[in-house]
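Heads up, the next two complexes both have chain A, just with different partners, chain B and then chain C.
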Partner chain A sequence: MFYRRAGIRHTSYRSERRLWPLPFDRGLVAAVVVLLLVAPLVVERLYLIGYLMPWIIWSTAALGLNFLMGGAGQIHLGYGAIIAIGAYASTHLARAGVPFEIAALGGGLASAVIGSAFGATALRVKGLYLAMATLAMQSVVDFLITHVPWISGGGQATLTVPPARFLGADLRVDLAAYYVALSVCAVVTLFVLNVGRSSFGRALAAVREKDYAAAVIGVDPFRYKLLAFWVSSFIGGVAGAVLAFCYYRAISPDQFHLDLSIQLVAMVIVGGLGSVLGPFFGAALILFAPILLNQAVGALAAAFGLGISADLRAHLPLVLYGALIMGFLLAEPLGLAKIYDNVRKYFLVWPFRHAPR
Partner chain B sequence: MKRRTFLTAAGAAMVGMQFPIRLASAQEKVIRFAMPQDFTRVYTFVTVEYSQGQRDYISMVNAKGGVNGYQILADVTDHANDLPRALEAYERAKAQGALLVDPLSTPVARALVPRATADKINLITAFSGRSDAADGETFPFVFPMSPNYWTQAGLLIDFFRQQDGDLKGKKICFVHIDTPFGKEPIPVLEALAAKQGFTVQAFPYTPPGNDQSAIWPQVRRAKPDWVVFWGAGVGQTVALTEAIRNGIPMNRVSSSVWLSESDMDVVGRAQAAGVIKLEPCASGRSPKLIQDIIKTVIEPGKGAGDKAKVGTAYYNYGVMMAALMVEGVRKAFEKAPNGPIDGPWLNAGLTSISNFEAEGLIPPTTVTTTDHQGGGRCRIARWDGAKFAPATDWFSANQDVVWAEIKKSTDAFKASGK
Partner chain C sequence: MNALGAAAAFESRRAAPAGPATLIAALARNAAEEPARVGFREREYGIWREWRWREVLDEVLALAAGFEAIGLRPDEALIVIGDNRARLYFTMLAAMALRAFPAPLFPDTPVEQLTAYIHHGAPRLALAEDQEQVDKLIALRERTGRPETIVYDDPRGIGAYDADGLMPLDEVVARGRQRLAETPGRREELIARAGPDDIAALLYSSGTTGAPKGIPLRHRNVVGGVANATLGGYFRRHEQLFAYLPTAWVGDFVFTVAGGVLLQATVNIPERQETALHDLREIAPTFYLAAPRAWDNMLTRVQVGIADSTPLKRRLFDLFMPRAIVVERKRLAGGAPSWVDRVVLALGELLVYGPIKDFLGLSRAERAFTGGEAMGEDTFLFFRALGIKLKQFYGQTETSALSAAQTEGHVKLHTVGPAMPGVDIRIDDSGEIQIRSVSVIDGYFDDPAATAQAFTDGWLRTGDAGYLEDDGSLVVLGRVGEVVRTAAGERFIPNFIENRLKFSPFVRNVAVIGAGRAELTAIICVDFDAVGHWAEQRALAYGSYADLSQLREVQALVAGVVAHVNATQPPALRVRRFVTLHKDFDADDGEITRTRKLRRNVIEATYAPLIEAMYGGAGEVAFDAPILYEDGRRGAVRRTLRICEVAA
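For the complex of A and B:
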């Protein structure tokens, strides 16, 4: 049902390798794109600024992290610092008079350079040791931002983002900011999708599975690990610039602490390591489950007149949130994207139980 | 079939995204205060008591008929000190027609400044947020309405001067958490040191400050005349414990407004006797306002939380801030009885609060369009083993140095964002 494969014949490699071979998938993607494009015109401002905007920006960042963690198998616990470098570098560039288009790329470049420098440790250490090395990067960057007033913006440690324009559109207008964030997200998504079917993507997958084995078959782990860090950090840096200019508009060091890194890692893992769809699901769950659970508990308490204390009222959603994440991971350890994939596969062969193979 | 599925799915998604937001309409005679605060992450040490005080005071105002027939609606939610959540809460508050937002979190308050200014919603940043928001001309919609950290440092130094007569040649050790918040008082301390001839030695500890054992022996060896420790939450009790362990006389040890009865329980009530803190409002249950709350709200069983917490330092901070907000509403009705009831309307009320004392709970506070700090008055209180006993009357000091620092900071703010 839905995902009909009848009548699809590939007569060339090109058509066989296209991104969405099934018409239904293409339709679904088109529908989501159209929905996202018309969203600002139909939904209320609260949902645009409170939900869609952070979802798109965090998804972009999670895509960048997933490229590294899911694509190349290198763990990174300092991705918040990467985003911070992008945000600060682009803001300082913009304050120096550089237009946003170049400042955002500059932010990405700064993140890529610094991120790869720290990523170089990945050439010597793996797994938990790499986790520690990237954690150290988070601390070093946090410390530098906080302790260099020139970077953090003086005693109040808050840097106001200057008014900027993207191709003539004022980024202080929410509509423009939304479309800029959306287009950056679209470009990153298309890039990540396409890398998956290129030689670069296959080399990364080889390094992910076993770097010795990759070296044996002629894939240079040194080069590809470094490239993975470079690309992932660049995406993170650009996401940081978008975060600063389109969403926060005033940045301070505590926005980019370890909490953010852990949040992003959670998005990637809950969403599905290595999947392109995963970061979108993961970002939605991690960002909005606490908010919605909070409102649900509040509404229930009000509706039934439950006299629960403010303390319990605040912590109950956290308990439910934890249970929700555990539940999802127990049900499907490969993440939310895999749950969608299971549903899709079910319909793909419906009414049969299995695909003939 | 295929097209129909698409259309149904698209239609369902559209409907799903259109949850209507209920607006508090003018006919309902409700004035909405949004209080998204951090109940679960960083500010847990203060939020529960602070929010309880705020809600109990507002319950009392409502029980007595509200203001001008209007009920005050306090919308309390948890933002967990997480910016996306706080921004969502802020946008929701704005959509629901809230006149003010009180996030009680420095990172959140700092991030909300540009939005609140653009949206003309009053942002309450009591004991948090930007210290330079005291300058109402630069930050017309940001209201600390409480002594900022520069003022607090200035007041402590003046108290030391009152005690010792003259600070020339004295040594003051400043032990602080190594964050922008912790480093904030240093410029004021240094300016006062240059003026009054004492020396300041700063000892930063790494956040969150649960291990300060390396710092305090150095403080002891420095032989300070006075010690000021500056942090929040766990850092405060650890600092005090270490100060006691290193034998520093408690009556020479002091801190900001962030010291409470529950901290004393952690440190040991008897051991901490003598330690000095700043009181922006009276603590305990004796003030008339707290008695009123007990009579009209707590005794009928309508209190917002644990009865034992009524009258603690942070509970009273909450009452203080709620009283100032409600006084702002009263003044706003005096100025424009017919509204329209919106952000600028409340702004006009808040900026005409004059010599408000909350029936003896707080120092005489005057908020103007230029001074959003409210005069910068506090008193010094000493822990006597059972309660914080006032050691001075309400006073203000060194405001020239503080305002020089405020101006320096607002100039930098004005230069940025351009």
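For the complex of A and C:
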């Protein structure tokens, strides 16, 4: 109905491979970008800082994890540690007087180096064993951060992020912080979108489907698995730096524990493995569903005057939250992005059921 | 001459623009006026390759110089055989520049039938599209000595051939470019060589009866014809055309080559015949021409798709489509849609009509035409209701296909519209339609006898029976020669009844028999796709076309179609019995022509036992069906066909 495809033709393979060939999709992307750009001007500060910022930053991080899990097929249960490394490395660099632009990249590099070192185990082990190896990484990094005061600033201490500027804009100002987070997210999104249609992306897909089959067709699994860990960890490190400077502004080890890693994996899986859109949907659901459910349960309890116990009141949203995730995955195992894709295709072939002959 | 025709002729003389006199001059004008505008666009390996008018002229002149170098002489035919390809069109133009003329042939013509096309214009050279056509031309040369030189466009598979006189088109172009570079001023000389009286193309009559006649269309015929059509508003400048019809058909030559060059259109050529419908959507042409059968197929595609669709989409279609058809019917009857109708149509455009037009690739088709046969009312109304302003046109190869066409606001289903500006139409005493226009040929190629028979003091005798309505609209009934009588003396045109039967999507071909008989019978070929789908939905098992055609349920379905048509016929002219044939009529078996016209004498000879059985009152007939294998061998297979009665 909305999608019109008559008259779309290509005179080169380059234009045929463009990201959004259909005018309606381009319009939709443009609309979302405009909405995100004008959001700070129309949205209250509470919503900007409380909802939009975390959504954008967690989406960026989930994009990085999805690059590894969905793109190259390597499971990672220690992504929280990767983000922690990026956050701590960039903060320490900034405290040493390095400007934010370089500190963020430094955080990314530190994550990439350490992440790839642990990722090297992926060359030996797969599946559940890799899950265990990355889980071990999470514990090792948690332990090191907590127990080396030089990193954490003391056992229970909180490390304050020094004032920083990005291209002259003060990151303590919410507006600047928001736009920096948005730009980083945009760059990462464009990168991930484009990798999918490059030889690198196709090599990763080959490794994902079967690593020794990829070796047979001339894709070196060693190289591409390591590269996948490197790139994914770099994105995680930069996301960590953005998290520290634009959102938390003071970091402590307990912000990066295993539950963060699990949350990120949940975002990727609920959103849709291997999809670029998935992390955005996944992050939105994982971040906001508990809040909305909590409010909904509270409002319903108040509206109907139900005398539910405080215990049930606290746990019911969590039960519903779990049911919601299970429901989505039961309805469409490939995640929220696939649900969107199904809806899009429903309209794409309108008024037919499928593209007829 | 009737008064209306005279007025129109006067109008055209007064208003005719002083355009180029030949297609080559028009091409040179395009290259000068619009050098950067895309003239031809061809899909190759999934993407569209474009030639701007400047490049088209370069290519044509290089081809012309090259063909001159390999011996193409003036007044000589150049056989062009193959699917629609930009370089085939360029070569046709190149031949015209040399004052030779292209003779495009249908690419699916078998070798035996090709021998009919090597006499007129003594073709010594031929251009073949690919290996398949090269093979046929080599076989033709072995039998007849012509053509001496075979130029081929697509070299795939020809590398290992060691036959003499084979040459890739690339080499012709290379030679031509060399010659052009060597002799300054040759370009201009080549452009100026052709004159308006030179033959632009040699086409052939379909050969429904006897050997095909050569029909030479001269530059002044096609230039004049296109000018007439432009005056009538049937053509605009800068159209997007879709070149998918056989190059040997007058419609493709006049609309694609002549119309494209004269009106600076963009000619879009699909990758292959099989991808034409898909490629159509990528182009979304502004001018689209298709045979009634092709429109029927499109309607069937939509209907099958909707029948398979989800409940909501299907309900929306069922809600909006009948409304649009009712409004269109009202509009054709001269009424205006009410404001409620307008709201419904606007909503329907968003929800149903727009998406379907987009799916078909006709969302920009402002000028959509059909012709050659009568069109079913259902199909006609469906597309007009969608908002595609489908119109019927009428013309013969002899008139450059441009004689009459409907005009918006005066569309009536049973007419083909008034004569185009510059075309005079009269009806003689026997009811035959006669035409006089600048677009009508002077006479058949090298055939004074046929010419004398077909022309009477400057008027072309079309052989079609028809009449003019009061508003000047022409009604075509059928061929004059097709009017036959039953034993009781009732006059009828079998084709007229056949067309009405074929309006059903389930009937693909049909031959109505009854000349000199007491009552009418029919041999019916069901449509494999539509009936196959119908059978699948009812869980009826079948393995082949032959199986499907003999299912009792299918025969009952066909009987329903026949009864529906019978209801509109006088009692003496109702089809009483029919058989559903075990195969479709096939041009390779000679039962229909390449343009899908029935060859009645062949059918009556081949199926004589069947016809006798239908009049003999038998319940079924065992019949030795002749089979022509692809390698030319003949065989027979015994089939038992049931004879079905239609309730009176």
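Methods note: the second predicted complex is superposed on the first by the 354 of 357 C-alpha atoms of A that agree within 3 Å, B and C clash if a C-alpha of one lies under 4 Å from a C-alpha of the other, contacts with A are read in each partner's own complex, and residues count from 1 in each chain.
Simple rule for what comes next: a contact is a pair of C-beta atoms (placed from the backbone, for glycine too) under 8 Å apart; a residue touches a chain by one contact, two chains touch by 3 or more.
Given the structure is predicted, the values throughout are model-derived calculations rather than measurements.
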Room on chain A for both chain B and chain C (clash or fit)
fit
Who does A:Gly305 touch here: chain B (first), chain C (second), both, or neither?
neither
Which of the two partners, first being chain B and second being chain C, lies in contact with A:Ala314: first, second, both, or neither?
first
Could you look at A:Gly218 and tell me whether it touches chain B, chain C, both or neither (first, second, both, neither)?
neither
What is the angle, as a multiple of 10 degrees, that the CA centres of chain B and chain C span when seen from the CA centre of chain A?
150
Between chain B (first) and chain C (second), which does A:Thr158 come into contact with in this model arrangement: first, second, both, or neither?
first
Quick check on the superposed pair: does A:Tyr47 touch chain B, chain C, both, or neither? Answer first, second, both or neither.
first
Which of the two, chain B or chain C, is in touch with more residues of chain A?
B
Considering only touches as defined above, state whether A:Ala31 meets chain B (first), chain C (second), both or neither.
first
Please work out how little space separates the C-alpha atoms of chain B and chain C at their nearest point after superposition, in whole Å.
7
Of chain A, residues touching chain B in the complex
2, 23-24, 27, 31, 34-35, 39, 42-47, 49-51, 54, 58, 95, 146, 152-163, 247-250, 252-255, 259, 287, 290-291, 294-295, 298, 309-311, 314-315, 317-318
Touching residues on chain A, where the partner in the complex is chain C:
1, 4-13, 16, 346, 350-354, 356-357
As the complex stands, chain C meets chain A at residues 46-50, 281-284, 301, 304-306, 308-310, 313-314, 316-317, 350-352, 354-364
Looking at the complex, which residues from chain B come into contact with chain A?
2, 5-6, 9-10, 13-14, 17-19, 21, 39-40, 48, 51-52, 76-78, 80, 82-85, 87-88, 91-92, 94-95, 106-107, 110-111, 113-115, 130-132, 178-180, 183-184, 187, 304-306, 409, 412-413, 416-418
